[in-house]
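This is the structure, below, for whatever I ask next.
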């Protein structure tokens, strides 16, 4: 379980304590085991910063961030990140990219090989094992990124607008694929997005953030039944939640939240 | 120009005239360039015979001198000495260039401490150090090698440091997210990612090294190809001097091709 | 930010002091009595700048070749580059020659220039031109080619004539690269000037250097070299400042 209490983060403070920008202020929330939480908010609200703090990539100034009771001090084996611009090593083929995390953590060549084959099948990239990233479409590259994250068998998947760089059609396909994978083997997921459709479609709960300095405005339950199908997009519950999100976001963007 | 505009321009150039298809394909692949070179050689030949200037021998005479060199082994004798200095000088500048560049790229302290000096030494004409090296090392191989190092090193320092500094930060972050330690990040991410730019620097450095070799020889040493050029110049034998210039040109092109092959092999993944 | 700046310059000063330290150490331990100390060189430089009229004379003579040579290089290089950039067939014809001139060291050709033009100012200017003009051409051409075809199309769609396209789209668009080419060409011209001085031992700095080294006055040799380095850096810095002024909007691409 991820637990965040009173978290705040400032950027760019000088040595004398002045001049900083408060990115996050007093963030309070929890993510339960195997829950899929999506985070949405206006641009600049600090969602990516929050994710990187949970991932252990950047330090935080005040508050408490714990995973199953242990405080976060850096990256750890129970978490894996999926990046918006894929972050694939351009010089390595698909197979090597997928096994990267495993290799770092010391797995043997055979383990890596086996895992990689399993995951390639899982994300549907058979036949592309030896290809270089530049030979793949955006959607395929992100599937490699996803496979790489899943390869290390994390309890928590941290996804930073993973489909943001893709066109709409590819995005929808990948959303469906992600849901299928998640249904098959549930993990805790924290998923950042700009898209209200995506937030409601994927999440068990949606966390709405305020503009900078980012705070948790509200945690909204998404009581739609699982497994989610495209049909759900037409249901009144879906549209209600989406409207609610948009009303709030619009108000926040124009400054009168 | 994008790839599409280049091909578009090519097809427009060809369209106005009904070239037969075979000729069109030939023209597309560098025929015009070859024709231009051949044309130049012909003009040179004509002017050489026609004008009868001491400094402009006909192209054929130059070729003759070149072949004579090869046949009589003159080239080989002096080439050996030149190439030795080139190899030693280039290797030294490669090692120094890559190490200093890597340190500058990796550690901001080193970068800030050295950047103005590296930049200054890069832009100022390297030959200007020749009198200094002559004073320090005298008439020896060390002078020639030192000049080659000064010529070649700084472009490699700059390219290497830029290469490491401009590695996609999200790749570094990704590696860190999987628990990579600093050393792993350096060898698994920074090094491979910086390879294309580093190779560009090595290619440039190679060209500079050849220039340093010949420039240094013309000034300092009395051995090697540069010395030959001076000697033939003093004898007013223009054909032989041109021939030597061609030899140096060929050396430069070969070295460049060598680096290019290595580059292609190792950085096939870059676009 | 200011604090960082001070720190950086402190580092650079530290490096400078360390280098001078190593120099002094090397000089005192080496047997070579031709090696001047840093202080000797500094003193020598002062002497040259303030009490040797001959130095300034030599500088003036040497720079004649530089200025004339650079001016001619620009005069030849830019038009050639513009033509090569605009007309594809011309580009392809010139390409192999440009390629050769870029990679071939000019130095071996100097004896030929001497045979042709003697040892006077004509030869010196010609050599400087040989060193410099190709780089100006290459960068100018790249600048012209870098102008987006869509911009030219846009101008045509508003009915612009060829002259107007040149004046309002191509030349402004190519200007950053042209200036970068001039900056690089200037560096090459200085190289050419130095090569000329050292090989021809003409009436300028080369003659001075020969005299000083003949008289074993190595401190003055070093000082002269230092003066040339300072001049080169000053010229290039000035050129770069001009370049920055004129091309504030452009990204950084240069060949050379």
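Letters A, B and C name the chains as they come in the text, with residue numbers starting at 1 for each one.
Assume a residue touches a chain if its C-beta (ideal position, glycine included) is under 8 Å from a C-beta of that chain, and two chains touch if they have at least 3 such contacts.
On a predicted model such as this, the values are computed, not experimentally measured, just so you know.
Taken as a graph of touching chains, this assembly forms an open line, each chain in contact only with its neighbours along the path.
Measuring from the average of all protein CA coordinates, the nearest chain centre is that of B. Taking the CA centroid of chain A as reference, the farthest chain centroid is that of C. Per-chain Cα centroids separate chain A from chain B by 48 Å. Centres computed as Cα averages put chain B at a distance of 18 Å from chain C.
One inter-chain figure worth recording: chain A and chain C are separated by 53 Å, centre to centre, where each centre is the mean of the chain's CA atoms. The part of chain C that touches chain B in the complex is made up of residues 7-8, 11-12, 14-15, 32, 34-35, 88-89, 92-97, 100, 103-105, 107-116, 145-146, 149, 187-188, 190-191, 194-195, 198-199, 209, 213, 218, 221-222, 224-225, 228-229, 232-233, 236.
By the touch criterion stated above, chain B contacts chain A in their complex at residues 168, 170-171, 173-180, 184, 188-189, 192-193, 195, 267-271. Contact residues on chain B toward chain C in their complex (touch as defined above): 1-2, 5, 9-10, 13, 32-34, 36-37, 40, 53-56, 109, 112-114, 116-117, 120, 123-132, 134-136, 207, 210-211, 214-215, 218-219, 225-226, 229-230, 232-234, 236, 238, 241-242, 244-245, 248-249, 252-253, 256.
Residues 52, 55-57, 75-77, 79-81, 83, 85, 87, 89-92, 100-101, 104-105, 132-134, 152 of chain A touch chain B in their complex.
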